[in-house]
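Chain IDs A, B, C, D, E and F follow the sequence of writing; residue 1 opens each chain.
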């Protein structure tokens, strides 16, 4: 499909962005937990037009064996874009970008997973970007945290992630595809709120040190919001499970 | 080399095909057994202009070890076309077609080999298409059965294979290259006669269910004929061996 | 960068080559030993515009294990050209030429290394051509011998190597890039002087048997010269080490 | 090289249960031998694709995306567009799947779906030519397996047809060397609607739409793809054993009926 | 797939020494937390390259070569040249490196250097066009690691800038279809001078230019690339843990200062 | 990366027998040190190839097929056709061979055959040009090893020359952009006839045409390729040890003689 044309302005005279958002406003986020059958844990996120599915397997026996570690589980992570997820079809062979993002996403999750409980095993996180719309690595981390929790893997806390960027000279939260493409900078951030640790940080474009500081604050605030949504999504899942369990109990009583 | 031109008609007014055959007639078939020195078993088939060499190794130690099975031999199969076997030179890298055919050919042979006699080993079947002329997967199966027998690998019975197709609206046996290319359907079949099991069946093109049934019957009849030729070829080989043995005995007596 | 143009003549009326050398004259050679920190042994050679770095690791545990040999060390060798080492940028993927040269260089070194002292280990020789100027495989062997010695790996003796070639109908020593490209033949030779064994020999171009014999003699004479330089380079290195050791001793006395 | 696969260590007892049930005319999920699992089809989820469909067949889940781009025709078919089918059986969907280049199972799946579409002439390949021999439209059919609970071929076939039938493209034209797109979306021209129907032989019984547990104990598998007029346009046998001639005849007739039922659902969903 | 790396078995005692030293404001090689190791830059070693630089940062050693060739622009940037950054972390440089296709570490290194150059618009990409949309000059930046004693990113960034700043090229022109070179070497037009500065968090302390022993015990790593006006043009966090917001602010300010110091040395060396 | 190969565990006793025989002027198959095994050459087996030859050298068996197709010349030789030599040492031919990408042994074999043909200017490369710099004929020489009982280089060299010498091609012409073939087959123009002769040093003795058992105990191997005028056009030493200067001189002279004998047989077989 031909790419959409470049918009004339990314922000209008009233400070409103092309999709109607304010500068500090997140795109609509939809989170679902436990939607795959075979995976040990799974989650789905929609953030703007991002549609990302995450499946988690493990802890399971390391394969091949020589990657196993004697004192902790090996965390493995694959970030992958479906061929149809972007404007121009992506070749299915793994790209250098996918390999880099797999690494930084893994590193953003390592510190929260209690890997020392499961030596000689692997915990595998598969992030499948079904549709990409700017900020997919952050949305992937947000969903991966939920999928790990859904798999019952002990974690210190959930990791939340969000990007901030610069468009037409202003710092703006959670850039969409067009804003990312025609904007001036992109700053993806992952945050572990209670430990107060930024575990993913990348940047491209041009930012002054002041802009960086302002942007970082905006991103961490957004991470806080997203962290709340994550907890809601988990609660909802367990609520449903509880209800189902109660229904069953009733049925059993009836029967 | 430039490809041959499309013939005006595949069947003439008298029902005769471009190579002079009737609709239910096989191409000339030549079978030889035991023609390679290093392989444990081998066979060569010419069917029309197909020239196919099959070598079998095994049962031998599985390598790499992790593919071994505790209760049976692993059957391995590789179907491969020489770069010079087709009109336009084939790139030596394995094609998706070769990978698919390796699989279906292996599956056509699995049920006749007594693999449970040789746990933790592999039995390797290498099919080299030196020249291809339509129906090469079937000719490969016919020769592979002989090569397995020549290697002394215990088998329930020999597998015979033959394709049938549709040209100019008629079901016709054992399509040649040109008939396959300009015809309407191709239906390769492998048959295990005594067990009465069709162990390879593929189809492309368009067939009515009636045509399919008619074609299947033609193919199975041809498989019966080919099965006879296979047994002859084996007998001849053993006869030769017997004669050589007898000659030797005589020589020894003389000496 | 565009390639340099073809010179009008490779030898002028006075028998002088384009870089001012006589037919039997080597290019300037500079040898350095022990210049890398992490490698167990290393050497650097400049021969003409060739700039080649060699690092040696080992004897170390074989990895993957299945390549290990029960009665000797496995010698491993990789000859590699940096992308920027040649006129037209070389693709970083290993070329067939690099694979062939890795093999013949390894085979030129095998007989001098006392591999039976270190069964089940590997000794790894990495030859990195940073700039290539004709005769790089020979210069690589000359440096590899030094790097092996620097790593403290027991050797029967050093291997020296040099190419000879034919330009404008004359046998000439140690061809440069332009001479190799526009000349008529190239004959790289590696020699183990005391065992009197030619352990690398390749040829391309056209040579009469007489020219071959003459060229071989020229190459072996040059190898003798280079062998002397190799011994000097090693002596110099140990001298420096000795001096440093003595200085330290003095310092320690003072302190 | 293809080799006998290592099946996961399903308990012998469990295997026996599956086989015994089928022998007694029952199945592990209470279906009849000739019944499909519940089928759900949703089209248009992927806005960036020209067409897309997500299909659930029981717990098996497949997403297909269609992308249409300009490219070069094959030298031997200068007056036709290009069709490419690719399948990803990624490790997300099953502990049986691994990372790495496409497995033989993925290649077989893609090629069976490809044959159904190609042999039935489903996509109007002539309509995809921009400049004969030089520039054509290329239709990429990318099959993404999300959850593997058996019978991926049928789930993928259904999703591929639903995605193609709901695909839209901009009209492209050549102006000199460059491709220019005219406004307005048009449906991708389809001439046929192939549907794959897959059977498994468990013990001596043949069941349609095998669930994963049935696939793991089946003797053989047969896929029959039926085009809109009830003719066969592709077949593929799989598995370590085979079928008798009579079984094949029976299966083909059942395939015609099942394909018609599923085709109706697919086209209804694609119209949305 | 990325997975938790297997670190070499450094003795626990040795690790503790490194951490304790840093905690006490010292370092294993006697530097201050905010000091670089000795930096040596040599340009022009590789005469066959358009530009080259060898950099030693302590015992880490990196060689960068620049080759400029004609090629085709990307379809979406027809009026710009092409820049390609590639890194080899070969087995010569460290027992930690293996033969084979580029590791994720090599890819990350190359992409971080690439981002610094690209985002700061260091190379004047417009000046590399020979015929819009058809023929442009391609700048290959090949990073070759020779000795790995830590902080390869900064050593590579410094070498890349020195090589680019000292690169020369023949003026190329198109005559019909063919590229013709005019005599005389011209400098490669540079608009900016990005310099990467890398920090490691060891225990609770942050040090600049980590040596290998520090990298092997660090909690996290941060690279900040600063362009000539003191703005940030690339960042990359690595390592298994992270940084607090305050730490990040402090690090960015220190990066601006360190980048300026190193930039001066690079440009002086490039001028020769 | 090249590494010391793992030889199959031939019993020590068997190895000693082979070495002792050679030391006593005999060989395991009763040949003289300077004798070839029986040589059979058959051309034209593969009708779909432009040329083909199957060669048996004792029990070693090699098939070579030649395909000639149109393609693009290399930029630095716009007025020459293209020659490509490729070798398959497939698992059919020997338990020593494995599936997978070409081994270093296959690459060496192909490159030695390639050098012989290329350096002797055997194929008239100028005659293969259809449009200078744009379109030429490409000669593919594909070497297929069928049975490996030693000395594959000579068997392949003989088969390659026989296949080239018997190759036929249609005259191709350019009409506008398209390649048009004129009726009538013409022989591929050959200017030279290179023949490889391979020696093995077993113990202190040098034998020609080593059988597999001799290759497995040899100290070193030398291939000398001789063109039609008796000059050397390629050499390649293999194996873990080497040759003395005197041995090399003797071997080269013997090669000239053996090549002439084999060349006569090849050209006779190629004429049919």
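Everything that follows uses one rule, which is that contacts are C-beta pairs under 8 Å (C-beta built on N, C-alpha and C of every residue); 3 or more make two chains touch, one makes a residue touch a chain.
A quick note: this is a predicted structure, and the numbers were derived from the prediction, not measured.
> Give me the fewest steps it takes to get from subunit B to subunit D if each step has to go to a chain it touches.
Contact-graph shortest path, subunit B to subunit D, evaluates to 1.
> Chains shared as neighbours by subunit B and subunit F?
Looking at subunit F and subunit B together, no chain touches each of them.
> Going by average Cα coordinates, which chain is farthest removed from subunit B?
The chain farthest from subunit B, judged by C-alpha centres, is E.
> Measuring between Cα centroids, what's the chain most distant from subunit F?
Most distant chain from subunit F: A.
> What whole-Å value do you get for the distance between subunit B and subunit E if each is reduced to the mean of its CA atoms?
The mean C-alpha positions of subunit B and subunit E differ by 58 Å.
> With chain centres taken as the means of their Cα atoms, state the distance from subunit D to subunit F in Å.
About 47 Å separates the centre of subunit D from that of subunit F.
> Can you list the residues of subunit A that touch 2 or more other chains?
Residues 78, 124 of subunit A each touch two or more of the other chains.
> Out of subunit D, which residues touch more than one other chain, so two or more?
Each of 1, 99 in subunit D touches at least two other chains.
> Which of line, ring, star, complete or other matches the graph of chains that touch?
Chain contacts: single closed ring, each chain with exactly two partners.
> Moving around the ring in the sense set by going from subunit B to subunit F, list every chain once.
B, F, C, E, A, D
> Show which residues of subunit C lie in contact with subunit F when the two form their complex.
Those in contact with subunit F are residues 3, 67, 69, 72-78, 96-97, 99-100, 102-108, 110-111, 115, 122, 124, 187, 192, 195-209, 212-213, 216-217, 220.
> Mind listing the subunit A positions that touch subunit D in their complex?
Listed in rising order, the residues are 1-2, 36-39, 49, 51, 53, 55, 57, 60, 78, 80, 82-89, 92, 124, 126, 128, 130-132.
> Using the touch definition from the top, list the residues of subunit F that touch subunit C in their complex.
1-4, 6, 76, 104, 107-108, 110-111, 115, 118-120, 220, 222, 227, 230-245, 248-249, 252-253, 256
> What residues of subunit F sit close enough to touch subunit B in their complex?
45-50, 52, 59, 61, 63, 65-69, 86, 88, 90-95, 99, 140, 142, 144, 146-149, 169-170, 181
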